[in-house]
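The letters A, B, C and D name the chains in turn, as written, and every chain counts its residues from 1.
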Amino acid sequence: MSLSGIIGYPVTPFNEDNCAVDIKGLAKVIDILLGARVDAIAALGSAGEAAYLSESEWREVAEYAVKHVGGTVPVVIGVAELTTAQAISYAKYAYEIGADAIMLSPFSYYKLSEKEIYSHYESVSNATPLPIMIYNNPATCGVDMSPEFMLRMISNIKNASMIKESSGDIQRMHKIYKLSKGKVPFFNGCNHLALEALNAGASGWCTAAPCLIGDMPTKLFEAVKGGNYLEAKELFYQQFDFLEFIVTSGLAAAVKSGLAIRGHDFGDPRKPLLPLNDTEKRRLNELLDELI
Amino acid sequence: MSLSGIIGYPVTPFNEDNCAVDIKGLAKVIDILLGARVDAIAALGSAGEAAYLSESEWREVAEYAVKHVGGTVPVVIGVAELTTAQAISYAKYAYEIGADAIMLSPFSYYKLSEKEIYSHYESVSNATPLPIMIYNNPATCGVDMSPEFMLRMISNIKNASMIKESSGDIQRMHKIYKLSKGKVPFFNGCNHLALEALNAGASGWCTAAPCLIGDMPTKLFEAVKGGNYLEAKELFYQQFDFLEFIVTSGLAAAVKSGLAIRGHDFGDPRKPLLPLNDTEKRRLNELLDELI
Amino acid sequence: MSLSGIIGYPVTPFNEDNCAVDIKGLAKVIDILLGARVDAIAALGSAGEAAYLSESEWREVAEYAVKHVGGTVPVVIGVAELTTAQAISYAKYAYEIGADAIMLSPFSYYKLSEKEIYSHYESVSNATPLPIMIYNNPATCGVDMSPEFMLRMISNIKNASMIKESSGDIQRMHKIYKLSKGKVPFFNGCNHLALEALNAGASGWCTAAPCLIGDMPTKLFEAVKGGNYLEAKELFYQQFDFLEFIVTSGLAAAVKSGLAIRGHDFGDPRKPLLPLNDTEKRRLNELLDELI
Amino acid sequence: MSLSGIIGYPVTPFNEDNCAVDIKGLAKVIDILLGARVDAIAALGSAGEAAYLSESEWREVAEYAVKHVGGTVPVVIGVAELTTAQAISYAKYAYEIGADAIMLSPFSYYKLSEKEIYSHYESVSNATPLPIMIYNNPATCGVDMSPEFMLRMISNIKNASMIKESSGDIQRMHKIYKLSKGKVPFFNGCNHLALEALNAGASGWCTAAPCLIGDMPTKLFEAVKGGNYLEAKELFYQQFDFLEFIVTSGLAAAVKSGLAIRGHDFGDPRKPLLPLNDTEKRRLNELLDELI
């Protein structure tokens, strides 16, 4: 499997009282992403509220996502568990159900040392043959992994082969590119850094934006890859306010509100997360009106 | 119930392969704390690796802790869950099993807004009559609550009545004391800030240190309360290197290693947490030798 | 010379259009500090707007301060220059005019390495026999010196013998105390940390507060040294809101406004610094009314 | 005058004992920059050690730089003074000697409020008709100005018309571009962000790099402006390690060492700044060998 391009992140729809996953809704949001020409689907990421699901819900979403995509594009499963044992259990499940890769992040309560993080990745790698995308997102995971450290894991840990960088610092991507001589694929996980990341050699962009703005992210990716610099810049600035808005107002809340504006009621994010307030909803509506 | 003094935090002992709670060990560590003359027991805090337990283990530890303490001192149960629903479920359980209070912290994946945190505390407060200690620990929970915000919750949320401050900034305690005119009880959760916190009017000190150094924390508390300033200072500096060590080397790992040095094999912390390495163990041994 | 207790910081009065030092005013403010029973005078510190004076003004203030104090208490001269050459020039001048010590900080444009800072202190030490107080104030100086590094300079650089710690982190003082086994005198430079610092073994408190609130800082110092813990705490909380106010609203501006409220018109701080606005002046008036 | 492209920053050469400016050396380094096809010269910036010059040296460098450039390209003079009075004095001088613009930054001892910074810029603007480039460099100046605030100054302060952004956060540039609808020229001051900044619409790049690597920065600028995306990326990655090195090892020290390697002995940076050590010099030598 070779990943590149736009990796689309579905939200996890809930039924009316937010107590169970709405599987029909999940099918719908995956279809929206596929309709937006994404190159892969990543279920159970931040946008998918993976941290807020019960174990049985988590397994249900993972299994259904793989099944519904049905091999048309690769499926990546996010694994962000506090214990190594649970991460291994989920990684094995991802393998069993036929996922193509896992995106593994060191979600933490106690801050973890590099030794602890390394051991976490190594243990998960030993448990399944699935390719591992090392996912660095200090804002949500509470630990920050340097480019040097992640590249060391990629050199030494069998299945660790890709990086998703969400720290928001473009210099990290330059470092990855330079230190690996362009050999290690890295993906951008910071929506409002998309243009810079792709220019810096990112293999793709992990984003929930196509849930709301169709193939605009794909067009941006294609413009960069095609060397159409001015078009890429124009496309990026068109999307920029929208991308910044969904990041700063809470990804799951914003995308679910946007889908509701589009007529898809997939429930609210799970508490303590709150949905957008009325002012934010109006602003999102304006932003979407400008774009489509 | 009125809490004050030393609130002792048991680690959660595991059996040999770290896959199940060692209930006999839990009894032993609680007995060690009671022998150290603690004024209350707080199960399922950071030291207790609450974040790394399964739901059934969590309930088992909570229930057994209350039962084993048997009313000799109050029992506080830590609740640090990602979803409001799970926090409510655990709070209700704490009430059912006869705990005296809960210590509630807003553990987060997505950063939470004050509105989201407020709603989380309010929902839990509405679910049980148990007193709530608002627990601020930005280093583990990923969100930071200001003194002003916590006092506002105490004014407006029925059962929210106490604060545990672990940000490490002594000015927060001055603020709580001044803004509440000394009326809102606050507890120190930052081991190496114990002397300052007690001098600043803290009602007590939340600590796992008595697992290893007996009643030295209690003596420090008594010295401050008795106005024996020089003795308090001397006692604090005796403990200071030890307190700093267990904080910087990882609380659960350090306390479990120290208990092993004392002859109690309660297992390692759960992965990805690693036990102390040999150099750290030697250093801890030295520190304990100096103290006892 | 042995420094301890309250080290009082005069502001630098300016004449009406702020273009020259008001020497009569300087005499007055020094007299106010001496009347407040300070144990030493430190001219040309942050409160004295040293960074905003011309070279000739700086020399004028230094010389007059020493002359006016006339040996009744020790005089410390602040030296915070961007170049080592200028720091040496000022240190020599401080020695010539009969100052008792210099307080030397590594004010920086480019961030300085420890090697550069060390060399700066060493060069100044070699230029005069005056005792050097190492002054750490990352908020104004742009560099932060660790306790370990400052103690290393004290071990190895001839005249470096004292520390002034203004980082606001009480743990730094514990470190200095423990690592030096209580042998290296350190002073608190963070007004709202005064109680903790003195309890932690600080030799004194560097403060401009006595310009406005008389001997209240001295009383706090005496209470701590006399072991009157409860009285010290009460005195500290009386002053706390005031101390916090002058720190957060700008030290030079706040002290000059307070002196104007007291009937001493010593001019405004130098631009770009602005005087307090009307709301702030009213608040300061209230705070002073409560205290005196 | 319209600025765009590469704005070259000369270091300030000193004579042998670093006690005076080496005017012949200054002519030489300006000639090197002009030979590297820079579009403007900016004297007395960070690279020029402006903060470490006496007033008479500052004036000497400013006057000579304008004279030596002789109108072939525009000359910008950096003004980073602690007092508004001195900034006005220098700005007037820049105007008198025929400079084309000033680059004004709010160097601070006390942290400045937005009101204080605004007043500083307004006062300088009122003193001369020279265009003002607002220069944001929190790392050296100690204050950080948001895009919104800088754009407000540009709207309201007569001569404020350009921005130099050196915070290192590419999002600031997106903000400036979007909020000003591409109308306010902004320049990149962060060497290792050059590619992103130019792609984001920066009018130019302020850099001392042409002192050492000839017209490589100009080529990068031309590639971006010509829409030659792949070439721009390749040029950027060629220079990246070098750019990162001179930033992290100290700009003035690194550029002076590099010039010495090239046979131009312009003295060391002024103390407390230290020259590169031998390891760093060897590394710089390697980096230069790879590039030229």
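Assume a residue touches a chain if its C-beta (ideal position, glycine included) is under 8 Å from a C-beta of that chain, and two chains touch if they have at least 3 such contacts.
What you are looking at is a predicted structure, and each value in this text was computed from that prediction instead of being measured.
With centres computed as the average of Cα coordinates, no chain lies farther from chain A than C.
Centroids built from CA atoms put chain D at 35 Å from chain C.
The distance from the centre of chain A to the centre of chain D, with each centre set as the mean of the Cα atoms, comes to 39 Å. Computed from the mean C-alpha positions, the centre of chain A lies at a distance of 52 Å from the centre of chain C. Contacts with at least two other chains are made by no residue of chain A. Contact topology of the protein chains: cyclic, one closed ring where each chain has exactly two touching partners.
Only residues 168, 170-171, 174, 177-178, 192-193, 195-196, 199-201, 224, 227-230, 232-233, 237, 240-241, 244 of chain D touch chain A when the two sit together in their complex.
Here chain D touches chain C in the complex through residues 19, 46, 51-52, 80, 82-85, 106-113, 115-117, 119-120, 123, 139-140, 142, 250-252, 270-274, going by the rule given at the top.
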